[in-house]
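Contents: one structure, followed by commentary.
Chain IDs A, B, C, D and E follow the sequence of writing; residue 1 opens each chain.
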Amino acid sequence: MIERSPIFDFVTYAAMVLGMFLVLVPFWITLVAGSQSLQEVSQVPLHLWPSTHLLENIQAAWTRADLGPKMVNSFIVAIGVTVGKIVLAALSAFAIVFFNFRARMLCFWLIFITLMLPLEVRIVPTYSIAANALLPFQVILDTFGITGLVESLSGIRIGLEWNLLNSYTGLILPLVATATGTFLYRQFFMTIPDELVEASKMDGSGPMRFFFDVLLPLSRTNMLALATIMFVSSWNQYLWPLLITTDRANFGTVVMQLKALIPAQNGTPDWNVTMAGALIIMLPPLLVVALMQRWFVRGLISRDK
Amino acid sequence: MSAITLKSVKKRYQKSLVVHGVDAEIEQGEFVVILGPSGCGKSTLLRMIAGLEDITEGEILIGGTVVNKLEPRERGCAMVFQNYALYPHMSVAQNIGYALKVAGMPRAEREAKVAKVAKSVSLEPYLDRKPGELSGGQRQRVAMARAMVREPKVFLFDEPFSNLDAKLRVAMRAEVRNLHRSLGVTSVFVTHDQTEAMTLADRLIIMNSGVVEQIGKPSEVYHRPASRFVADFIGSPAMNLINGWFGEDGHFRHGKGGMIHLPSIASHVVSRDVALGVRPESVRRVAAGTKGALAAVVDYVEELGAARLIYADADGSRIVCVDDGNDALGTGMPIHFAIAEADLHLFDNTTGRRIETRPGQRAASDHLVTA
Amino acid sequence: ATKFEFWYGLSGDLSERIQDMCKTFNESQADYEIVCVSQDNYEANLQNTIAAFRANKQPTITQISDGGTLDLMLSGAYIPVRQLMEENGYQINWDDYFSGIASYYSTSKGELLSMPFNSSTAMFYYNTDALKAVGFEGAPQTWEQVEKIARDLKAAGYDCPVAFDPTGTWQWWEQFSAAHNQPIASKGNGYEGLDATVEFNHGKFVDQLTWIKKMYDEGLFVAKSKAIGETANDAFVNAKCQMSSSSIADHGTFAKQAIEGMHWDVAMLPIWEGTERTNTLVGGASLWTLKGSTPEQYKGAAAFYAFLATPKQAEWWSTVTGYIPVTNSGFKAMTDKGFYANAPYKGREQAIESLTFTPPTEYTRGVRLGNFGAVRKEVADAMQEVLFNNVPVQQALDGAAERSNEILRRFEQTYAGQQLP
Amino acid sequence: MERRAFYRNGTLPWLLLAPQLLLVLVFFYWPTSQALYWAFTLEQAWGGGNTWVGFANFLAIFRDSQYWATVGRSAFYAICATGLSMAIALMLAMFVDRALKGTRIFQSVFVWPYAIAAPAAGVAFRFIFSPEAGLIGSINDIWPGIWSPATNGWHALGMVIVCHAWLGIGYNFIFFLAALQMIPKSISEAGAMDGARPFQRMLDLQLPLIAPTVFFLMIMNLISSFTDSFGLIDTMTEGGPIGATEVMVYNIYIDGFKGLDYSGAAAQSIVLMVLVIALTFVQFRWVEKRVHYS
Amino acid sequence: MSAITLKSVKKRYQKSLVVHGVDAEIEQGEFVVILGPSGCGKSTLLRMIAGLEDITEGEILIGGTVVNKLEPRERGCAMVFQNYALYPHMSVAQNIGYALKVAGMPRAEREAKVAKVAKSVSLEPYLDRKPGELSGGQRQRVAMARAMVREPKVFLFDEPFSNLDAKLRVAMRAEVRNLHRSLGVTSVFVTHDQTEAMTLADRLIIMNSGVVEQIGKPSEVYHRPASRFVADFIGSPAMNLINGWFGEDGHFRHGKGGMIHLPSIASHVVSRDVALGVRPESVRRVAAGTKGALAAVVDYVEELGAARLIYADADGSRIVCVDDGNDALGTGMPIHFAIAEADLHLFDNTTGRRIETRPGQRAASDHLVTA
């Protein structure tokens, strides 16, 4: 860096340390409180150093919020969603970038627009679709009179039904469509030089061969970035699982359980248990981000706008 | 039968016509270079041959077969791209062997073939490296090996050296030449670098804005440029082109009242708007008093090491002269030139075409131009 | 065995009792297996039931609290319990149910639509040790007494004389209104039509809230809720607050949770001097049988209801929770056995007394308002506006009333043309 | 330049797109159209039927002063959370961009908040801000009752905003850093040659050059403040006290899912969608005007 | 007093030394070009002068003051960057005026000055445009104007033309020359393009791997390269360098038994491992029987248009000759060369340095080399 003003360097470090403090405090408090006993955690002011009760608090949180099976669910959902997104996004972006057909931009926008309207703004109607994912097709059949026709011909009434409530499919499938992922892949695919496509054409390979032999190996780092982002975001899903799992015991995810950890049930402000629970719930995505930092940052950057 | 035949080949993008109907025959084993300024349609033409671009109109024949509707892989061409277009994730061996793999050749046979080709371009030590770990010249060689391994009927090159530095370029030029000499495969090579073109080509196709300006041997193109464009484009420093017209008195009038006496030429072209061309190396300095010398004033001098370029002003027209003299020359100093009439070229400024002033070719003549 | 589901809105200790009960039922016979699922609270249970119903995944039985009754009545989603029991060959003496309970869950023609199950009413709890300490013996009967005791307690150094749950509209508004025979809504609290309007912004509730505000400002009432970090119930059982109002259902829980050595008792809600006490509203919830199950499952549901109605089971339920027996005969049997004579059950009979204090009047037979949960939220917000933001009582209640009426009108419009059953 | 190397194949691209398009149609466009329909009807909670009411639902929410209060609160929330988060992230990115020794560690840590689920952060912050325990509770020991998010709406809103801003730091930081690093080093050097000191270069050169990113992030943050706030509010305040933290999304959830007013909620959803789309379009118009270095 | 003095300037990055102790004096008003292959440390040196890079060891003086510890802004240098480094968000006028603004010059004065400078580089019509809306040449001019406006003591240029195309490059070269001529400001110009270097420089600093190989006027460097590296690096086509050694018999032995009789030179260097250098344009073709001619065999010929390059093999050593003959020449044909002894250069292959064989400079001599 040009200019070696020691004062400015000092200001820089001071600001970064302050920022680090700002960023780390919530993590630290969570850890500290999670490791204290009920008595310690209830003290005002709080002791800012971890104590020795982390394991027992984690145990308490684990049983109180039934985190065992919920962890398993969270992993199933997060991994399912991540894999699904990576696959679907790659396929869609491939079609949009490398094929010249009239509707390609339309398709892109159809997918991209969904980014603007996240689940939260269309909660209620989405729920009814989760109850029967085939409803649109049923309605289409009904409106075009096909249902009636078939019924009068064969006597069988077409009743399309696919209930997603309280199922892994329901937790995963609707989240698998991904505008972000498609966009990211598209951005990356667009950086593939034309010549590479042409070289492979000259070498005699068709589109799918190109996809598997050239495109996929080349997008490995992007895939990692995408995987990180997707894992974090699907692990952290809150509203959707909240909505479509009435059967929390079997299909709940850990993040949904956070509320159950907040004290109030029987009056003991056992924030230590709450924090220990929060800690384990935060940990998997945090680890993923910390470990995949390099790719993740790159991926986000190329996600650009 | 020609190796490649182009019959009024046209290419239109949306509204704009970028290749205006090219006709050409390329012989078996010939090395043809397409040369022209950026954007003139060279790549487009090459890519139409390769099958990477649709042919809007006209026909392309390879080995006598119309290939307009054939896929790239069915045309038997191999291509070397400007930026090499190597597969970054594959090793050198995999890059070279990919086409064979796609074609379903068994592994053992493939490997043997790759090894053989790699050897012929001295790439054996690098077979396991990724393209990213190679130097520019090595990458270039991989690209060539990849093209060679398929034993194509035609090699296509699209400015394959433009990413190399000057020294490497010269070296690679020699390699391509050797390759062609040893394999004898028909080759079409696109470049906008005239040195490259001149030194490599059996024949040149000079293009400008989608139109072929001249097809011919390098020396032909240099010594008898078919158009003002070619004259200006080929040769460095560029040919001096002096705009003017011929009076009935056999004088060529130019600039601010300049006159050159050119009776033998004048007869062909009285009164037309023309350009008189002469190469800087054909302009000779003569002593002040020399009969018929062209008087001018020095503008500035560029030292090139081996020689120097003198930029001078003769009655308002710029004259550049290659000079290997050693004397001090400053701006504003008077200077005198002589030009052999045989070294003169004449172009019609309206059509841009050459006006032939003598039947024979570049005859030695010492008849001096006189003012 | 035929499996069928039962969703309920209780959690914690009460949820565990329900699980016990389900287990007993399953063990008592081999034909049916009931699966009991807790949905945390009444509200969530109603929402989830609706969601599930729309998705065709509803349970056979769901527990709907008093406030959700009208929503269910108009839903067209249920099978009347009377019909269910008849069809499955059970003879029930419907007249045996307490009239206050029956009037809440029945059609205007008196047909009981849902199975009364966990019935309660609001009560007043007090810490006898603390009251004694300031020289008060027995139960506070009037709000005047409560005020005086509170002042004395405060003077004696008690931080929190009365725990006030600012979201507790049920005990502080609805039951207060019933005890003073005040209308909650026009048209007989909505019994006479969907076009009723709320009435809480005039009459005694306005004065009551004004008084509460005064008490709050003086530190005699202290706000306690989940959001604040400690519920009123917790504050009471931990002897941090000396008086509190809550459901009789909590009687059992209090007995379990009260800190060692603490003495407490329960009484009917106080009334203002110079007013006539009327009966309070039945609280808790009833069980609704939803459409969409198989005949086999309905058989199971009927069997389950019959099981609940057995004297033994009813008594067990009343013992382990604070919920009252729902039939006259049940109550009589337990009284006769001396159940209410001694601690820890002594005092619970006052809930029945409160419920049956007078025959139900136009305003004490129940509440029939659509989307009543949303109306409750408006009143809770108004109470908090008054307490925390110092909004004038009348203004807060007028605003709440206006919005409540809008909720009611939307409901009316949504079910345009439908009649109350 | 436009890509020119394409494959031509009639059905293959459709096959490739089919899975994603199907999902999008079923889980996005269908429910969205459903919401559109409900917004013009009164839908019975139990699904028994509905009646067409035209724009009545919209008129109802537009007439409702509490709805406007929600809108105002959302705007306030959005602006504060966005401003706070971006300001902090920008400052950190600017300093990290100086690439002094050891910066890498800071850089890694600054990204961490991105990994945290909003509800989890909500729970942690709820403890930190809890009046009777935690970190901030200490000040109640000095001045009792001065901090009371359970009864004071502004406290509650402030608490949620701070948490939201914290959550956004990681994301904003990455983008700012990327934008800063995309500025050629030679521009800073040219500035130095022109005599500008580091701080002046930040103001005159870096800041204007990352303006498109600032704008992009502003929009993304605004949008996220509409959507990501849900988990936060649900775990921290549940919209209380007295609706002081009920922003538009939460209101939709409360009215629709809890209040069983599906139509009112649908109308609110439509309003929110229009808002988000409008913001996005503004953003796109701007992003087109990217800075080009060369 | 020199304008810039470099005293054993070194630069170390982490472990690697990239500038090995450079000593140089640059005079007031001089135009010095630093020339060398890519990665040799040219930019690093320039940036140390500018203050953009710390000086690891040694001293840099500007106008007699040691500037090692001074910030860039305190050194009075202006710099033109390779990619121009214009501020993309500022208009041309703002770009030019930024330094003045930073210096706190009042607005009116600033605008007047910007206008004046803009006029001098013909940028007036573009003052309100953003850099993105300018052509390459215009941007280049903005970069120059920005440097000029500060009236610096020293101009620094880091390959300022490398992003321009060939034609523009030549034009900008002329502009820089004019600029320097009119302002007379000391300038240091970095490039790896020798034509640029030769035509612009008053003096050249030739660098190789962080070491200065030679400092001198372009003609000096061309005609008396101080090292084998310089001889090879300067001139295109490159100088013929024939490795060999001198026997006591006055013969130079090279290749596969080649011998050249060079008694006058041999005396200096008997038995050393040396390289004999001769520029291709100093190699003359002579008739087969010519006395003392060097016999060789044609390898191949490159047609350049104006002339051709003949690549030949003389007893295993490659000889390149610039020839303007016209006769047909094919691979394997015999050919004969003559080289004037005065055109010979001699280099010690161990040290790489030139071995001076005659005291005077490039005297005309027709004494022919004889085999």
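Here is the rule we use: a residue touches a chain if its C-beta (ideal position, glycine included) is under 8 Å from a C-beta of that chain, and two chains touch if they have at least 3 such contacts.
Nothing here was measured: the structure is a model prediction, and the numbers come from that model.
Visitor: Across all chain pairs, which one has the most C-beta contacts?
Guide: Chains joined by the most C-beta contact pairs: A-D.
Visitor: Compute the rotation angle for the C-alpha superposition of subunit B onto subunit E, expressed as a multiple of 5 degrees.
Guide: 175
Visitor: Just the number, please: Cα centre separation of subunit B and subunit C in whole Å.
Guide: 96
Visitor: How many angstrom between the C-alpha centroids of subunit D and subunit C?
Guide: 40
Visitor: In whole angstrom, how far does the Cα centroid of subunit B sit from the Cα centroid of subunit E?
Guide: 27
Visitor: Using mean CA coordinates as chain centres, what's the subunit A-subunit D distance in Å?
Guide: Spacing between the chain centres: roughly 16 Å.
Visitor: At which residue positions does subunit A touch at least two other chains?
Guide: Answer for subunit A, listing residues that touch two or more other chains: 2-3, 128, 195, 198, 201, 243, 269.
Visitor: Return the residues of subunit D touching two or more other chains; collapse runs of consecutive numbers into ranges.
Guide: 4-5, 130, 132, 189, 192, 197, 257
Visitor: Got the subunit B residues that touch at least 2 other chains?
Guide: Subunit B, residues with two or more chain partners: 52.
Visitor: Taking the touch rule as given, give the residues of subunit C at its contact with subunit A in the complex, in rising order.
Guide: Interface residues on the subunit C side: 11-12, 37, 39, 48, 51-52, 54-57, 226, 229-231, 233-235, 237-238, 257.
Visitor: Going by the contact rule set out above, which residues of subunit B touch subunit E in the complex?
Guide: Its residues touching subunit E are 38, 165-166, 170, 177, 194-195, 198-199, 218-219, 222, 234-235, 279, 281, 300, 302-307.
Visitor: Tell me, which parts of subunit D touch subunit E in their complex?
Guide: 184, 186-187, 189-197, 200, 204-205, 208-209, 211, 291-294
Visitor: Any idea which subunit A residues touch subunit D in the complex?
Guide: For subunit A paired with subunit D, touching residues are 1-3, 5, 8-9, 12-13, 15-16, 19-20, 22-27, 29-30, 33, 41-42, 44-46, 88-89, 91-92, 94-101, 104, 107, 110-111, 113-114, 116-126, 128-129, 133, 135-136, 173-174, 176-178, 182, 190, 194-195, 197-198, 201, 206-208, 210, 232, 235-236, 238-239, 243, 255, 258-259, 261-262, 269, 271, 274-275, 278, 281-282, 285-286, 288-290, 293, 296-297, 300-301, 305.
Visitor: Can you list the residues on subunit E that touch subunit D in the complex?
Guide: Residues in contact with subunit D: 50-52, 71-73, 77-79, 81-83, 85-89, 98-99, 102-103, 132, 146, 150.
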